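As written, the chain order gives the labels A, B, C and D, with residue 1 at the start of each chain.
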């Protein structure tokens, strides 16, 4: 007790980390589910359906399957690096998320008086996130090298080259935002985006507008950074079996998988914070009814589930879905309590925005074909980088002009 | 003790630098020798930062930036050279590259 | 023993260990990893010293770019473990021992020479340090800054020229 | 602008010409080279004329007019400016040098037309003009010395102009070395002067000399030392030997350098330093004696020479002797007067001889000539005029000057019968061998193959200078005309300010007996006598000379071989020197000591290198270790210092 009172930071951090880990893990798991479902529907298939209602238990099944698969280590592999790679990848992917503020800093944890919605509110959070993502390369590279096999090596080479190439434009595209906000701190960046354009009503003053070029560059670079379609050269099945993690099996493979999704989440969070005003709501604060949006949404979802349970489901599935229904309704009702609603506001908007971006991600994957390697490189160096630089110059020029004009 | 004296940082940087020197002399692989140079640079950077902190002057940090930039440039060129060497000599051992002698 | 002191000793130990590993490892990749370890540890020390921005740059540029380049090249060439030849007697009998002497003695000297100026965790001066740093960099050190940009440009050209295939 | 304030222009012009021709002349056409060379000298001449015009208008108290341009060197009390001065003496020399120089440049364009290294020749010639003018204009002994050595250099270059011919190259060397011997004395003299007067500036020296008298011994030493320089430069006994050999050079060179200008530098110097000399009677006597003996002695050699240029060379030597005789007996103005006239007629003689040689396609031996009178009339007439002038026939330039000299020797303040006698005899012999030359060359039957040698008159560019000089050889001496009818010699009066201290003004006499005395003077008599003898021997009885040679063979051979002076020098000086150089300096000092040191050091270097190169193992780690060793050593040192400094 007395230790707690002495080191509130420590305790709070531990608690927050635990919670965050749990949430993120589940999120990852269900992100896979979401992806498969979405792509299936886009391709007019059903997608996972039989493991649990709507295949809701599919991720769980997958996880168990991975756990119990045989863990093969290829002969002549560099044991240490071979082990290190997946851990590096996943842990880094997770760590980045620790810097993300999911809600306003004003909300505090009772007794400890620490921010509730961000594990670490660093003065230069943006830089830190980039630092961590920058390290992400090693996971891939090491994996490719240590497998002591042809395809992984090439995959590793490709991806490391690709990642360092696109990291440059990623960083460059963001600097514009930093200039606008005049800070590297996430909370400041976000609060800097609050309010509306006074000459265009009802359009929130998010960086998305003025930094549109930066945003597009960022999005592209981010997709490449996370080795997603159409930039998933490192794991191009058709060319290199599965790229850098060809030789990996069972849970190590799973870790790579999770790492990839974790990175997706990270970059989506960044996009949200930098360009879409993070946890800010798009509506003016005067509109009180928006407090009840999350609750209402959950309740509606619950109602849909209930109807679905009664009409569609049979046997065990009905039971499972009814559980989901109860959860949704209960959560919804809880969220309708004003205090809770107040607290839940920020995270709600934040997650919504993230989900939108993630949806976009998956949509892309379902739609676009893959680049060729040289195209990828030339695109990154000859188009993306110059454009992001141009954006930077434009922004800087604008501010220089502005500041010289008035103070 | 609740704070770390600057001399500790300096000593640490000295140790790292020395280790870098030893690495430079001890290693035979060009790339690793390169790395040992980077290690020395890092040690120096640490000293810079420590001094900057000690005198509450930021200039030291600026110097760190310049060091890093130079290191980056050096790495770019140096590694290109290493690649050329490896392609021509099929070896990375400096001890096998002794054409330039009496 | 407060938190920063613990952290210092932890990271210091890590850094030294990394350096020794760099020397000990025969596999270049392992050396590279060891060096990355050193860099990360140093980054944490920078945080301790209240220079978070430098720490971030250290990670991004050093660990995130330069070392990646090293790893990349090592993978590309894939020349296997280093051979421990001993053609250089002078290095064997003088260089390495002298290096040891240098370490011990310089460390000793630095520990005892100057009055131990105390350094706190440097919390609270982060933002200001970043801001002040930028002003310093873009006002007082503008010319060196531009010079380095030229340097980088030249380096790029040099690398291109070297890497280009003669046809 | 008054050119007097910019005398340096006079120097700059020839130097510029020389530089242009020397640097770029290789690619120029002959016309360009000519225009550059002659243009520069002609401009210099015009500038000189202008300078003289302005000089004449100067009030007496501004003479000499000195222009200091920059401080050249300063070392404690030793201070030398680059300064030029102009006074009456300078004016005379200036006119002579520039004018004769210009004529000879023009002449050369014709004479050298078919030679290689055309641009080189003219570059040297211009350079010579530059140095000669420096010599003449110099306001202190150092500047003068520069010119002095410079003309020596140019003389060397030009004598050895055909350096592929061994004799020419040797002659060049001989000239240089022989003059160097004299210059040694000259240099010592300069040192002594500085030691005595604490300055090398003419005016300063003279002023301080006038102010506080210096011991006569010192002055004598100085003067004799300076005179050695003059001996070398002006080819007096015993250092005259280089001048005859100098005839290896192209004839215009002989005319310009070895007759008209350079060789007279010695005389000029002595005249310039007259305040010193006139205070040192013994030195004066030495000068006079050397001059007289040379005049006589080399005249005798002239008798037996067969090479046309050699004859002229020896006659030059003897004429120079006359000039020194004049200076020695205190008649400086007479000396300078003779210098001027001599410049005219001797220059003319050489040019004419050159024209003859040109006509004979390079033949110089008078025994293979003869009867050229008709074939090359202009050359003949001009040369005849010059000969009359040098022989001292009344009315011609040479008469006045030589008469003045001999008169001074006879009746001057330092009169001396023996010197006078030598002079007169010399005059006799002079006119004899000169007319011998004329008769052998132009009269009698051709002694060469008419068909093989197609004799032709020289081009206009050569004949015009001849005629101009002939004109001067006649009227150049008429400054002195009034003296004959009892006036004072214009020339002397003009130069009086310079020599005033030295010379007693000539006492006026009544016109009639002045004229009588002038016409019945010995020079006229001996001149005519020489003419008659020559006429008798070489026109009336051409067989007689051989008989005479037979009858007094030993004397003849002695004279024919120039008294074996070269051989004696060779035996007494050159051989021992050679022996020492070969057996001591070469085999012992050079091979033993110097080469030993050099090779030894090289060997040492190689040995040490063989050991040290092991360091260059090519092994990076070794290099790194060495660096490390150095670093540790340094840190130890520094920290040690630091510790001792702090604690």
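Here is the rule we go by: a residue touches a chain if its C-beta (ideal position, glycine included) is under 8 Å from a C-beta of that chain, and two chains touch if they have at least 3 such contacts.
Bear in mind the structure is a predicted one, so any value in this text is a computation, not a measurement.
J.: If you take the mean of the Cα atoms for each chain, which one ends up farthest from chain D?
T.: Checked the centroid distances; the maximum from chain D is A.
J.: Which one of the chains is closest to the middle, using the mean of its C-alpha atoms?
T.: B
J.: If you average the CA atoms of chain C and of chain D, how many Å lie between those two points?
T.: It comes to 82 Å between the two C-alpha centres.
J.: Between chain B and chain D, what is the separation of their C-alpha centroids in Å?
T.: The answer is 77 Å.
J.: Counting in whole Å, what is the centre-to-centre distance of chain A and chain B, each centre being its mean C-alpha position?
T.: Each chain's C-alpha centroid was found; their separation is 36 Å.
J.: Distance-wise, how many Å sit between the C-alpha centres of chain A and chain C, to the nearest whole number?
T.: Centre-to-centre distance between chain A and chain C: 31 Å.
J.: For chain D, give me the residues that contact two or more of the other chains.
T.: Only 617, 619, 621, 624-625, 628 qualify.
J.: Quick check on chain B: which residues sit in contact with 2+ other chains?
T.: Where chain B meets two or more other chains at a single residue, that happens at 21, 25-26, 28, 95, 98.
J.: Chain adjacency by touch: line, ring, star, complete or other shape?
T.: Contact pattern: none of line, ring, star or complete.
J.: Contact residues on chain D for chain B in the complex?
T.: 613-614, 616-621, 624-625, 628
J.: Of all residues in chain A, which touch chain C in the complex?
T.: 78, 80-81, 84, 122-124, 127-128, 130-132, 134-135, 137-138, 141-142, 144-146, 153, 156-157, 160-161, 163-164, 167, 171, 183-185
J.: Which residues of chain B touch chain D in their complex?
T.: Within the complex, chain B contacts chain D at residues 21, 24-26, 28, 33, 94-95, 97-102.
J.: If you look only at chain C, which of its residues touch chain D in the complex?
T.: Residues of chain C touching chain D: 87-88, 90-91, 94-95, 98-99, 101-102, 106, 109.
J.: How about chain B: which of its residues touch chain C in the complex?
T.: 1-12, 14-23, 25-29, 31-32, 34-36, 38-39, 42, 45-46, 49-50, 52-54, 58-59, 61-62, 64-66, 68-77, 79-84, 86, 91-93, 95-96, 98
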